[in-house]
Amino acid sequence: MLPPIFGVLFDGIAYGMLLFVLSVGLSVTLGLMNFVNLAHCAFAMVGGYVTVTLVNTYNWPFIATLPVAFIVTALISVVFERVFYRRLYRASDLDQVLLTIGLAFVSVAVAAYFFGTLQQPIPTPAFLRGSQQVLGLGLGNYRIFLIVTALIVTVLVVAGLEYTRFGAMVRAAVDNQRMASGLGINVDATFAITFAIGSGLAGLGGALAIEIVGLDPSFSFTYLVYVLIVVAVGGLGSIAGSFIAAMLIGISDIAGKYYFPELGAFLIYLVMIAVLLWKPSGLFGKR
Amino acid sequence: MRKSLLLAGAVALAAVYATAASAADPIKIGVIAAYSGQFADTAAQIDNGIKLYMKQHGDTVAGRKIEIIRKDTGGPNPDAAKRLAQELVVRDKVDILAGFTLTPEALGAAGVATEAKKFMVDMNAATSIVTEKSPYIVRVSLTLPQVSSTIGHWAATKGGAKKAYTMVSDYGPGLDGEKWFQKAFKDAGGEIVGSVRMPVANADFSAFVQRAKDLNPEAIFVFVPGGAQPAALGKAFAERGMDAKKIKIFSTGEAVDEAALKAMGDIALGRLSGWHYDYTLKSKTNDAFVKAFNAMFKRNPDFFAVGGYDGMHVIYEALKKTKGKTDGDALVNVAKGMKWESPRGPIMIDPATRDIVQNIYMRKVEKVDGHLVNVVIDTVKDVKDPTHK
Amino acid sequence: MEKVVTATPEIALSTRGLSKQFGSLAVTQDVTIDLPKGVRYALIGPNGAGKTTLINLITGMLKPDGGSILLGADDVTSLEPQQRVTRGLARTFQINTLFPSLNPLEAVTLAVAERRREAGEFWTSLSSHAESIEEAYGILARLKLGEVCYQPTRQLPYGRQRLLEIALALATRPKVLLLDEPAAGVPQEESGDIFEAVANLSNDLTLLFIEHDMHVVFRFASHIIVLVGGAIFTQGSPAEISADPRVREVYLGTRQHG
Amino acid sequence: MADVPLTPRAYLQAQSRWTPVEIAFWLATLLPFWLLPDYLSLASQVAITALFALSLDILLGYAGVVSLGHAAFFGIGAYTAGLFSKFVWGAPLPGLLVAAIVSAASGFVVSLIVARFRHFTLIMLTLGIGLLMQEIANRAHWLTGGSDGLQGISINKVLGAFNFDLYGYTAYGYSLAVLFILFLCARRIVHSPFGLALRGIRENWTRMPAIGAPSRAHVRMAFTIAAAMAGIAGALLTQTTQSAALESISFGRSADVLVMLVLGGAGRLYGGLIGAAIFMVARDQFSGIAPQYWYFWIGLLLIGVVMFLPNGILGGLSALAARWRKS
């Protein structure tokens, strides 16, 4: 029998995992392309709506929609990358901010137009509802599923980066773009594919998030702040950093609420400020 | 058809211009609401209520056409609401102000209503003070103290709970809910064993639920804003092993609204709530309303929609009584004490406070024909806002 | 070359046992130097010898792991870079580190205004600071930048930008000036202009410059420090250095300079 | 010297001289009084937002310091003005002054924390501090009224003579006058030695210490000045609308003002003014057409500006003008 706080911490880990899947793509694109993509959560929202549509309109099983959410989001994002983002890789941060806020604005309106402004609940399959009793703790099935999924994603992403040729090219490009293109790496294509995968992961995160935080057109902005916090705390371009940061935010949020509820919403901001004052480029940031 | 109507209107308008403002002029109603942003769905449902009422009752009252001008505040922006109200009055020459998704919007516009002597109908904003800010305001929605004090009293008496814990979102409406539930619960002999205030934008409730569980209360009172939070909170209760069938979980209506029940599923069974409207309320008026609403918008109405619908009712009836006169004093005078049968049951505008007087229904989530619904288990009649003296 | 040192030279800049590690790599090892006032030193060494790192340590852009830096008699080791500048220690950068959209007049006026402690004044108009402007223009004119001083820096030819590097440093009225490859990347025919400008600097000024071109080094330096692997390999007069066979081996031998 | 037409001093003087376009711009700001009297309350909020954007321009456009939490100071000014009128004195001008002092002091305190950081770290720190301020304002319900907004604000007549009327004549006149006066101050600041130092910081953060510049002290000063101006803008909003609410201190307002400034073109003083006017008028018009979907059109506007007019509207226009002159 474990004291109840462990159950609470378990929830924090699950929440952190969700944040990780949502934010890892942004961290990589920021680290790799130095592109301030404030429309990242708009891509996450795309994934969410893909899942909602498939489940509610076409009666797909929830699990089967997840890969589709990833792929559709990745494909849509690569179109945007080719049409808009690519032209601004060398532009100032401010132009990038303006463009991507513009895209996020448009995404909010388009989502409201097609799906309405209401929350989009989805019926999750029975085996993801309810909870398991482990050592006296009630662990929510969906949270277990979330942790497992996020861990699989993490393993795939890390393995992809460490052990594939493409991963090596991405790492080379993150380290030193000029040298990478000097070595004959097609940096442009590397960017595009990385962007697509990063956005696809956001789309997957958006789909996974429906059960925990819901989905409506304001999703593009609501979770942007949390995602940015994870990226900043973890350090740009660092997958391990994003992972640790997401855990830190998830756990400190939950533990803080349990022990010091009066700190409430302050806690994650304070954690971020403290981390940045200590390590300005984040826990695992370069430099 | 529409074209000829338009033409007729134009001709009428031209005719009227010669004789200055007269009976054939359209009556303009400015609707101020948060059509965009986080509260967009609230505004959309209010708007749906307005549209349905106008469809059912025609767009002409006392021989004058009704024209709606919509303005978006984007959220709880008193400055935007005040500016929009000013513009509606000076530029669009509206006769009546209506809408108001959120309290700050209503408070922002109240001064304009007073200064311009315009009748103002609050269709949603639920903080008690709203109606005190201008003598031209009537409210057709609800006030949080009205609902939460009713729940508090009921929980301690008929609900049979002696020890309660409160969990509310840490902002105006939540604090109102906490204060009035606790007051009524204690006045009726109950004891508050603890309370927690949760951040307004909160995604994960398990820590707060665990805190509540640690104190082992007989009943819990919950207030969270509508949207994604009700379902998240409901799931947290289930995951932390708090079965609503065993422990009495009370809340206002948002926490067990249609979307929340759908997202929660069976774990919502047994949840208790007090509220003034639900689309499943059994009455002839409501059946017809729900049917018509579904036919027009392909979704069920909620309390926002009823607010918009009843708001239009007050406007139409008041205009009928003044014979199309739009003078603010005249309209507010005839609105005072107005009684009618709303989809939510019999309601009245309190002549003294211009606030709504209505039934509060105590409900329990049950499964009916395979669907989760809030079944009315008790009705507290003619409840007034407890804060007005 | 003129006479080198007097009997008891006044020391303008010295370092004592300066060292710095990057990870496991020792980029600066126990560097102790003394630069007498008015002397022109060249700092040479093969690529990666830690020359720029040494300048960064002296100017405070990097914090040393050990050792100290003295400007005149004062220990400046704990001072911020800008505080060292106000005490008379200026530098230029190997890679242009300028203000791309300011023009030379604005840039040098800024440097002068900072020195005169006028740059915090937000209530006065810039054009009312006649003395600062005249002084800035004087510096620019001396470096033959007068006629381009209204053009944005980014539009200037590269050689002019190198001169502007020096102009900015001079505007701080340094006692000690560290020049990091002042003619780096400049075509041979233009580099003469730059070293001519260097040569014309006041004789009171203590100079330490990094340079690869040995012709230039032997022509302008009165003293040479050879840095290898972050440590001082040897130092001496140009004649001594050029005669030292070990220097030929580690440094001259590896490069094609004469 | 022959090919240099101006002496250096005359050249710098010419840089800060008023151009006919500028004079025309300010004369045009008077036109709404006669041409668009129905739009004066919008015009007054445009003027207030323009002042807010101008304050951010000093930080972002001149010093290159990006802040995503600038609404903190706007909100502090707004609440200070509201509380001052409630508890002390309803006179508008003293209210502005008090708001300026309080927000300047807060700006200085914040600058002590953030002045040593740049880029993404700085953005996130300012964002975090802004969110903290918003949450504090929400939690300090007893003082600020929380999410219902501050109650009991009462503002006297401006200069004891002009009542805030329904049409917004007083509101616009008052806001415009304050905007103009602070614009003159901002103009003086950017053409001062300090303004030059800020541009130096923006252009090259590494070089500044090498010319002996105390960059952090400069940034602290810029932050304080910008906070004071933002606070005055917030106070103006409180006074002209007799309301102060959490929205005034929210992340949304910080993000909006950044977008407006970048849209107009940062680092040109007028960029914030033009950006605020275009953004707010476009929003007003688009949401008049379809209140749910104005985001769509504003979004398209932003995307279009980035694609076709880099560096904002003014930046793009001046680039186009330069190309025109060349050909």
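We just call them A, B, C and D in the order they show up, numbering each chain from 1.
Definition applied: a residue touches a chain if its C-beta (ideal position, glycine included) is under 8 Å from a C-beta of that chain, and two chains touch if they have at least 3 such contacts.
Because the structure is predicted, anything quoted here is derived from the model rather than measured.
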| item | value |
| --- | --- |
| Where chain A and chain D overlap in contact partners, by chain label | B |
| Farthest chain relative to chain A (centres taken as mean CA coordinates) | C |
| Centre-to-centre distance between chain C and chain A (centres being mean Cα positions), rounded to whole Å | 48 |
| Chain centre separation in whole Å, for chain C relative to chain B (CA means) | 73 |
| Distance between chain centroids, defined by C-alpha means - chain B, chain D (Å) | 37 |
| Two or more partner chains touched - positions in chain D | 135, 139, 292-295 |
| Multi-chain contact residues (two or more partners), chain A | 108, 112, 117, 264-265 |
| Set of all touching chain pairs, with the criterion as stated earlier | A-B, A-D, B-D, C-D |
| In the complex with chain D, residue positions of chain A that touch it | 30, 36, 84, 87-88, 91-95, 97-99, 101-110, 112-113, 117, 225, 228-229, 232, 236, 264-266, 269-270, 272-273, 276-277, 280-281 |
| List of chain C residues in touch with chain D within their complex | 59-61, 80-82, 85-86, 90-91, 93, 97-102, 105-107, 109-111, 113-115, 118-127, 129-130, 132-134, 136-137, 146-147, 149-150, 168-169, 171-172 |
| Complex interface listing, chain A residues touching chain B | 4-5, 7-8, 11-12, 15, 108, 112, 116-119, 121-123, 129-131, 138-140, 142-143, 211-218, 222, 253-258, 261-262, 264-265 |
| Chain D - residues contacting chain C, complex | 1, 3-4, 6, 8-9, 11-13, 15-16, 188-189, 191-197, 199-200, 203-204, 206-215, 217-218, 221, 225 |
| Contacting residues of chain D [partner chain A, same complex] | 60, 66, 113, 117, 119-121, 124-125, 127-129, 131-132, 135, 139, 251, 255, 258-259, 262-263, 266, 292-296, 298-303, 305-307, 310-312 |
